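What follows is chain A paired twice: with chain B in the first complex and chain C in the second.
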Partner chain A sequence: MAGFEDFFRRLNDQHGINFSFFYDSFDRGRLILGVWTTVELCCLCLVLSLMIGVVGAWLQGSPFMLLRRVVQGYIQFFRNTPPLVQLTFFYFAVGGLLPRIPDATGQPVPLVSSFEWAVLSFSFFAGAFNIEIFRAGIEAVPRTTIEAAESLGYSRLKAYIYIVLPLAFRISLPALNNNLVNLVKTTTLAYAIGVPELLYASAQIWSEMFNVWEMMNVLLVTYVALVGVLVWGMARCERALRIPGYDT
Partner chain B sequence: MTQSDLPVLIARTAVLRADGGGEERSFDCRGILLPRNLALLGAALAFSAIVAEAQGQGLATRPGILATLWLWTPVVFGGFLFNLLTSVLSMALGTVAGLLLGLALISLVRPVSRSAWYVTQFFRNAPWLVLLFYCMLLLPFEVSLFGQAVPLPAWLKASVGLALPVMANVAEIVRGGVQSIPDTQWQAADSLAFTRPQTIRMIILPQCLKRMTPPWMNLYAILTMATTLISIVGVQEGMTLTRAALVADGRVELFVPMYLMLLMFFFLYCYPIARWTIALERRFNVKA
Partner chain C sequence: MLKSVIASVVGIAAALGMSTSPIQAQDTLAKIKGKGVIVVGIKNDYKPWGFLDPTGKVVGMEIDLAQEIAQKLGVKVELLPVIAANRMEFLNQGRIDLILATMGDTPERRKVIGMVEPNYYAGGTNVLALKSAGLKQWKDLAGKKVCAVQGAYYNRRVTQLYQPELVVFPAVPDALNALQGGNCVAFLFDNTLIESTLAGGDAKWAAYEMPLVSEDPQNWAIGIRLADLDSPFGALMKALSVEWHKTGKLIELEKKWGIKPNPFLSAMHEKYKGS
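This part shows the complex of A and B:
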């Protein structure tokens, strides 16, 4: 380990290539915290947005016109406005209206923290796309399958959960894949409201160490790796879920 | 088609039939008409303004919220126009570069197509904001051209930064479009002794153009929304000006209506594009 650290220290001294987080434990801590925050943000948003997608797609098939309109309005609003402005709107405008509550030490803190706003905002954003994706998947489920469920006496909810959704989910996977990759990339926007995620941590390091070039490349590689892990996981998922003989 | 007599499911079938099903309609948003939608947004804006008005009633000496909002509208709209300008510039840059990259993707020379593939995947999978930072911080602020120092303003660097992911996405669109053309077209061109560049230029690309337009427009809408990112790297645009206006006015109750106004500008611009894309998709019968 010491040799490892020395190598990067030498690299900095002799060649001016400064990967400070390899030898400086403070920078390393910041960067690891940043990576961890980004991963946490991604996972939470992933789960929440999928939930929004599943519930929203179900609501879109609702017999109540008003409900469908509301869901449709939500989708169109979040799909056609910039995610950064949405985030700013939530954090500064809506967050500013919420009351502050005292924390354990008696300091007043915002009701919803910047990290929580980021999770909420990105989930709403990705969720709007997920609803559309699931809807397309649901519409691709053959009518005969739904009729078969009907004839077996499934209720609308039961048929949705046990018959339609499992099939629709498999059909939606490629489009879902795209959207979730986009979600991971969108989490960088949390930088704008000061969530200490990967980009924020890197910006802190490069503004103190003046190693912009090195940190930039580390950032790019890390994000490409994160997306790579997600794509790999989704491919595994797709293969595991494939029904032999059921080609979509 | 047999109708179920189970009452619980009749509603569902009716909904399905009303929606028409069908793949190319999957992103349809019928039932939500443009004017009604606008009315809804306008109502939200007016409501927030009225709420804000009610909140700020203690300060009788200051102008009303609506009047203040109106006062700042030209500033915010001017910033928004700059967003549009950036989006057009980036799209132009990205499309030209993307077309070339897309042609490299379908090249028969293995190293060329392989390296083009890596470039495409890299720029498609890196976050826009990181690429933007990359260009802003690593491009010099001026370049010397024929001994002349040519300044590179921040907005130009930002446009280049946004054009990079656009390039990769356009390249994918080009590749997808070319692949969607039946092989028989290539064979027919071959039999008429067209060379490969001729086939691509005179036979394949003109046919792809129609199919490539909807995803290209979609990409443009995404880019337009992404132009707000340049506020983070310090270029003045709609968001920066909105925030500056809020700071200048210094009234908390103005926050919600002001940001809603900016959101509405984007919505009014992007929503028609989305509708138009869907209409084109249906007309060209491109499968989603």
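This part shows the complex of A and C:
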């Protein structure tokens, strides 16, 4: 381990290539926290945005006009505004209006932390797209299939859960894949409200160590790897869910 | 497939590496005079050194200094707002000719850019916090959320010494907003900015104070490219800096912008007065 650290220290001293996080434990701690926060943020947003997508797409087919309008309004709002604007709006404008609760030391702290705002904001953003993606999938399910389910006595909800969604989900997977990849990349915006994710950690390190070039490459490689894992997982999921003969 | 991805990533990385080598900066003085304009990196969120007045114009003590420099060179001045995290890259890439942006003069930074001596100002580190937060000493920050601004030299030192949970924002207004929103107990910054914020008499800061003893005094310097340090441009900047101390120009500007008299400036004035 010591030899490993010495190698990177020498690399900096002799060649000016400064991967400080390999030999400086303070920087290493920050970078690891950054990677961990990004992974956590991605996972939470993926799950939440999928839930929003599934529920939203079901509500969109509701017989109640008001409900359909509300979902439509939500989609329009989140799809038509930039995610960075949404995030800063939630954090600075909405966050300031919420009541504060006392923490362990008795100091009033905001109800929703910056990390939680990031999770909520990105989930709503990606969720709006997911609803539309699922809707496209649902509309591709043949009307006759749904009629067959109805004639077998399925209610609207049951038919959605057992017949429509499993088929629609398979049809939606390629488009969903795209949106989720975008979501992972969008998490870098959390940097603007001080969430210690990967870009934030790297910016901290390069503004103190002046190793912009090295950190940019670390960022690039890490995001390629993160998105790679996601795409690989989605491809496996696509293969596992394939129904022989039911090709889209 | 995987191999080709790796190959292209490495290729891009190598290409990026090539392009970051700093431009050759020989005879910056002649270049500036030839163009008839000097580009100065300044702050626009740091009252009263560089900030936006109600009409949207950048004004402040450092802006006055930038204009002074341009006048001396007989060229026009172009102001480019920078932040702590990008100003040194801008300078080395040639986007700006000099930095006049409340920059602390540290040994690490001296490896990357040239610092003009004598320094033109000095500040320390302190926090801005609600009076009701009851902060008494630096130790009290341990484990608490403290807002800060990215790229400030004291972020690392304070984190290592006192272990606050630092929440770092890209710019000063964001961090101040977060402080007012209760997202952190204190805002870590230069004592000079905190003093001027409190002295501004703005009602929204009435419940706030600067509770700690300022630490880690740090000189501010004009930044130029390393290669310029021993060129005619560097020599001129040094001479100007001496002149500002000698004639009391800096003290005069300090008064003009309502900054609390800084003992550093009066000491430097005494030192250079006789020369």
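The working rule: the second predicted complex is superposed on the first by the 248 of 248 C-alpha atoms of A that agree within 3 Å, B and C clash if a C-alpha of one lies under 4 Å from a C-alpha of the other, contacts with A are read in each partner's own complex, and residues count from 1 in each chain.
Here is the rule we go by: contacts are C-beta pairs under 8 Å (C-beta built on N, C-alpha and C of every residue); 3 or more make two chains touch, one makes a residue touch a chain.
Just so it is clear, the model here is predicted, and its values are computed rather than measured.
By the touch criterion defined above, A:Gly96 lies against chain B and chain C together after alignment on the C-alpha atoms of chain A.
Contact with both chain B and chain C is seen for A:Val224 once the two complexes are overlaid on the shared chain.
Look at A:Phe26: by the touch rule set out above, it reaches chain C but stays clear of chain B. Of the two partner chains placed by superposition, A:Pro166 touches none, neither chain B nor chain C. Contact with neither chain B nor chain C is seen for A:Pro174 once the two complexes are overlaid on the shared chain. Judged by the touch definition given at the top, the superposed model places A:Glu139 against chain B, while chain C stays out of reach. When the two complexes are overlaid on their common chain A, residue A:Ala192 makes contact with chain B and with chain C alike. Taking chain A as the reference chain, the count of touched residues is higher for B when chain B and chain C are set side by side.
By the touch criterion defined above, A:Arg156 lies against chain B but remains apart from chain C after alignment on the C-alpha atoms of chain A. By the document's definition of touching, both partners, chain B and chain C, reach A:Trp213. Residues 92, 96, 191-192, 203, 206, 212-213, 216, 220, 224 of chain A touch chain B in one complex and chain C in the other. Residues 1-2, 4, 6, 8-9, 11-16, 19, 21-23, 25-27, 29, 31-32, 37, 40-41, 122, 125-131, 133-134, 137-138, 221, 224-229, 231-232, 239, 243, 252, 255-256, 258-260, 262-263, 266-267, 270-271, 274, 288 of chain B touch chain A in their complex.
Chain A meets chain C in the complex at residues 26, 91-92, 95-96, 100, 107-110, 113-114, 191-194, 196, 200, 203-204, 206-210, 212-213, 216-217, 220-221, 224.
Contacts from chain C toward chain A in the complex involve residues 5, 9, 12-13, 16-17, 20, 84-85, 88-89, 108-109, 111-112, 133, 144-145, 147, 150-151, 153, 155-156, 159-160, 167-170, 174, 177-178, 180-183, 185.
Contact residues of chain A toward chain B in the complex are 61-63, 65, 68-69, 72-73, 75-77, 79-86, 88-89, 92-94, 96-97, 132, 135-136, 139-140, 143, 146-147, 150-151, 153-156, 159, 181, 184-189, 191-192, 199, 203, 206, 212-213, 216, 219-220, 223-224, 227-228.
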